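A, B, C, D and E label the chains in the order they appear, each numbered from 1.
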Amino acid sequence: MVESTVPEADASSSAVRLRGVTKTYDSGVMALGPLDLDVKRGEFVSLLGPSGCGKSTALRIIAGLAAPSIGTVELAHHDTERRGSHRIGFVFQEPTLMPWATVRDNVRLPLKLARAPVADAEMRIGAALDQVGLAEFARAYPRELSGGMKMRVSLARALVTDPDILLMDEPFAALDEITRFRLNNDLLSLWRDLHKTVIFVTHSVFESVYLSERVIVMTARPGRIGAEFRITSTEPRGEEFRTSAEYAAFCREVSRALAPSYAGQAGA
Amino acid sequence: MVESTVPEADASSSAVRLRGVTKTYDSGVMALGPLDLDVKRGEFVSLLGPSGCGKSTALRIIAGLAAPSIGTVELAHHDTERRGSHRIGFVFQEPTLMPWATVRDNVRLPLKLARAPVADAEMRIGAALDQVGLAEFARAYPRELSGGMKMRVSLARALVTDPDILLMDEPFAALDEITRFRLNNDLLSLWRDLHKTVIFVTHSVFESVYLSERVIVMTARPGRIGAEFRITSTEPRGEEFRTSAEYAAFCREVSRALAPSYAGQAGA
Amino acid sequence: GVSAGLVPARAQSSDKTLDKVSFGTNWVAEGEHGGFFQALADGTYKKYGLDVTIVPGGPNENNRMLLIAGKLDFFMSANSLQTFDAVTNNVPLVAVATMFQKDPQVFLTHPEVKVSKIEDLRPLTLLISKEGITSYFQWLKSEYGFDENKVKPYTFNPQPFIVNKQTAMQGYVTSEPFAVEKAAGFKPNVLLLADYGFNSYSTLIETRRDLVDKKPDLVQRFVDASIVGWYHYVYGDNSAGNAMIKKLNPDMNDELLAYCVAKMREYGIVDSGDSIKNGIGAMTDERMASFFDKMVRAGVVKSTIDYHQGYTLRFVNKAVGVELRPKN
Amino acid sequence: MKSPQDLIRFLLPVAVFAAGLLLWEAIVRAYGIQPYVLPSPLLVLKTLVADWPILSQSLGVTLLTTLEGFVAAAVGGVVLALLFNQSKWLEYSLFPYAVVLQVTPVIAIAPLLLIYLQQQTAVIVCAWIVAFFPVLSNTTLGLSSVDRNLAGLFQLYGASRLQTLLFLKLPAALPYILGGLRIAGGLSLIGAVVAEIAAGSAGAGSGLAFRIAESGYRLNIPRMFAALLLLSLAGIVIYGVLALVSHLLLRRWHESALGKDS
Amino acid sequence: MKSPQDLIRFLLPVAVFAAGLLLWEAIVRAYGIQPYVLPSPLLVLKTLVADWPILSQSLGVTLLTTLEGFVAAAVGGVVLALLFNQSKWLEYSLFPYAVVLQVTPVIAIAPLLLIYLQQQTAVIVCAWIVAFFPVLSNTTLGLSSVDRNLAGLFQLYGASRLQTLLFLKLPAALPYILGGLRIAGGLSLIGAVVAEIAAGSAGAGSGLAFRIAESGYRLNIPRMFAALLLLSLAGIVIYGVLALVSHLLLRRWHESALGKDS
């Protein structure tokens, strides 16, 4: 069930391909050790790792928001020039909303930038807001929202464009369990139905196992790949999977990999 | 084991006492329904509830950072005039660091404001930074930190003053599980040894059960007390408790209360 | 002690008896103020028992306010119109003497533009300062039918004039023609307004009425000494005065100062008309009345004011210093 | 709660202003200061009423220049800042010239301007020179304070330069721009006055600057003060209008315009 | 990477400046413009060298006034803003007067100041009046943009007013204050010039303003331009110094002073 080695991904079907990527910040901190990463098209990969190990940095580099100090980044059908296209959806670790725009306008942003037809856009925005449960706050401003609500706006914004690649940095960390479970499932069906490539950063072992096809556990700074797990399960995943012994075993494995020095139980 | 009714706290031993507190924001949103809350001295209380139900608002009102629209707030030995004393430690939901100050200076802030003796202060700062694992980043600026590291600075700042009352708003949400567990235990021993009063907001049912004497589950906006649970266990809590059937049962109960409409399992 | 003994006895004693007097001009030190500096530099003021401090003015005239506020004792006012203004506003200032019989105000034109009389200026664009607009230009309007729309602002910088031949620029006969000639290399035509009936006095000594009433002797001595200074400056050896001017204003040079004195003599700015008999400083009621009438006609002053309040003949027309004028 | 607050906000300055006037009147009376040194406020008011026809006309001229100068400064400052923001090279090469323009005394270059420009244009250019720099400087500051992550988001979604400008940079810099405009408001009034002095027409149809200068050297001090009073009032009104506009534009989202507890 | 960047930052303006000079020289030659209209840069430079003794002295005088005015404006602006920040009432009652000061033409009140103040004091007051408002306005904006949660934290830890001021408000407002100072730098130069015109001494020992005016009257246009050049250079240097100070103070933490990828 647990495979610590993953077969070399076929380059032609890679959506994301990192080779020897390192990142050293101006301050001298080496945030990312040499990192090789291949993510296939339509794959759901989770990144786990200790706080400060370079997960956000990796995501930013993949999105082209930061340049690697060494190494190369390739995105399928996105040469570096065209990388700035709306085919990537990004959820930052912080909400990153425009304070001067209402919730609705914040969610509208990617569509407006892509000059999407208005009627279609309005429909999608409505759907996205419903999905994150903020329909009644459509006209509120970010400062009038709670922390979790802001994150949900950010989520809605990433989902509204129907991007090919979804990069998500702890999107559900500030949400209550109920909402989190529901959005987990929403994300899963989105991925399953629309064949998105998802790279998902989380601190929750449960979440990573529940959602992903592959879980990558990073080492402490500079972040390198410490261990990889391919999560196999009967599709579609759901409550059944979540209560299965299989699931619990995966979680234990991942937790164990996360804490080489941390002997003992890794779950409830 | 689970007590849904809590005996009326003795007023004389109350550290915090809210009576009929409501909060309606200028935008017209009623964030907090009438809330009565008594927290005894030395008690560890967790607040759980759906995103946007008013947990942060409640904490801010208790700290005196926002005024209730209706109702009264009393803090033992803190009349409203003196409430602004360093006897309260607050961890905001966002890191809330001074961008112009180094990590060390950010942690030093409460001591500086209280004009603590320098030698003692430096020692405490060092200890607090060690505790959150940021000793080597003492001279970094907040913008050079990852999301989780910022939160840890904020934590160190709240702990460094040795406050009587600790108000914490999802302090561990952005941390990896290892760090989170360690800090959970640190917080527990701090509370046990120094008899602090702690009000702790979290979205993690596990965490709330593991840490608190009492778990309060709030209803959706406007936030009211939906259910209360007294968590009894053999002290000191530790890994033993975390793996006990007792613990799992508590978690199930709390999750159930959290999701009246959400029938089913509530954990791994 | 030793050092005290080194102080010359004469200076010590005379300093005590001198009356301290301050005098403000309306511009930086220049040839047009020559007589006053001459009187200071060659000791004339001292001879009259005065210890005078000259406070030069600047691009914005502030010294008159200082006179009014009592911070100065005398002030050099530009023309008779200022006298009327003081009366209009009940400011207790009195003109006690005039150093210039003719206002040196001129218009400069390009030599290519044939201008021989004042009416010839009418088709030209006139560069006039704001002060000029409110004073002599109103007179040009009423007396010669000039048009306000042909006026452009003049900020004492002659560039627009030099570039555009179809302009005429205001100036003082004693300096602007020289400056233009020096810089632009052509000799401008000059029309002196005083020659066409603009009979304002100019460079008047003005003081507060209370000083006239309480210390007439002091006023008299200052007026007399200044007159003597002017005789020396215009007709005699003016090197002491010029030296002082050059020291105060390094932009002044001998050539410029010589030009200034020459023009003052050529046009009779300081000494002509009434002053031939009555000496420099001479004023008459008739001339005041005539100028007042003109200004009333021009709408610059109200006919109802008692302009006699603004000046007094008490200190002039005494032929002080006429003997200093060379007889030729 | 809100209405009395607002009332105080309005009444307090008025009360303090009235107290100031009374003090002024009292000092003038107590020391017997003559009107040609410092006129009493009562006299200034009387003069204002008496000379209203002439003063109001000048006020109109000055306000028009002010408005034109302000619009020029606002547009010019923002556009320049946007231009500089597009390219560091442009900024490094041209910013010094903006500084040169700021420190050039209008009086010195007015004659040159008068040679090559229409008089009215010259006046507006002068007013512009005086007022544009704070807008430029504050807008530049605002543009460079844009949140990095938001900028990344725009880049990610393939925003064009124009879109980034319109939907990100301008709104983000808005509080700074408005701050610059509040400074420029008063400055363009001053600019109009300076421009009138340096290049404006005199006599009939001239602005407040000319009235002030004229009253000054004609010793009509009460009228000078009346004109100064008009100028001050115009300044306060301009500032008030700009502050109001700021408040309306920012009140829903920016820290600086929020109430205590919202 | 860094060093060549900095070099370009320095060389580019210089190159553009040189190109500007060449263009100027070319235009003057091509159109045969006379030196009394627009002198060629070469002539200006020659004049600058020839008249250096007199010009350098005037420059010294003006720079001293500028410095004094700048310090007064910086201190006055920040202190006023802090005062206003302490009490809304104070702000509502007194802010209008700050606006009045801003829009009062220095030329008009200089005579009054000269009556009651020493001349040198009057000059500094004039320079202050011209330059203080941007500092006040920007500081006010900065102080009201302090993060609410941080302010709450200070309140919670029982910070005194002074502590809140020193450790929270001033640092938080620093980018805004420095922005205000960058505007005020040039303005205090202009303020010094205006003050010299309005209240300064003329003749020997006078500043650049007087040189410029005087050279203008005397049609010594090359010298006027030399003086203007000095003024411009002084402005650029002042701005450069202030920008450098800003950069040094903010580079470690504020968005506006950070490199692209840090």
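Criterion: a residue touches a chain if its C-beta (ideal position, glycine included) is under 8 Å from a C-beta of that chain, and two chains touch if they have at least 3 such contacts.
In this text, all values refer to a predicted model and were calculated from it rather than measured experimentally.
The two chains most heavily joined by C-beta contacts are D-E.
Most remote chain with respect to chain B, judged by CA-atom centres, is C.
Averaging Cα coordinates per chain places chain C and chain E 38 Å apart. Measuring from the averaged C-alpha position of chain D to that of chain E gives a distance of 17 Å. Look at where the CA atoms of chain B average out and do the same for chain E: the two points lie 50 Å apart. Multi-chain contact residues of chain E (touching two or more other chains): 37, 107, 111-112, 115, 147, 197, 213, 216, 254. Looking at chain A, residues 25, 27, 94 sit in touch with two or more other chains. Annotation for chain C: residues touching 2 or more other chains are 65, 69, 155, 157, 159, 163. Chain C meets chain D in the complex at residues 61, 64-65, 68-69, 82, 85-86, 88-91, 128-131, 133-134, 137, 148, 151-153, 155, 157, 159-160, 163-164. Here chain E touches chain D in the complex through residues 8-9, 12-13, 15-17, 37-38, 89, 92-97, 99-100, 102-105, 107-109, 111-112, 115, 133-134, 137-138, 141, 144-148, 175-176, 179, 182-183, 186-187, 189-190, 193-194, 197, 209, 212-213, 216, 224, 228, 231-232, 234-236, 239, 254-256, going by the rule given at the top.
Remark: chain A residues 25, 27, 29, 48-52, 55-57, 93-94, 140, 144-149, 152, 170, 173-181, 203-206, 239, 242-243, 247-248, 251, 255, 258-259, 262, 264-268 touch chain B in the complex. Partner chain C is touched in their complex by these residues of chain D: 34-37, 107, 110-112, 114-115, 119, 197-204, 210, 213-214, 217-221. Residues 147, 149-150, 152-159, 163, 167-168, 171-172, 174, 252-254, 258 of chain D touch chain A in their complex.
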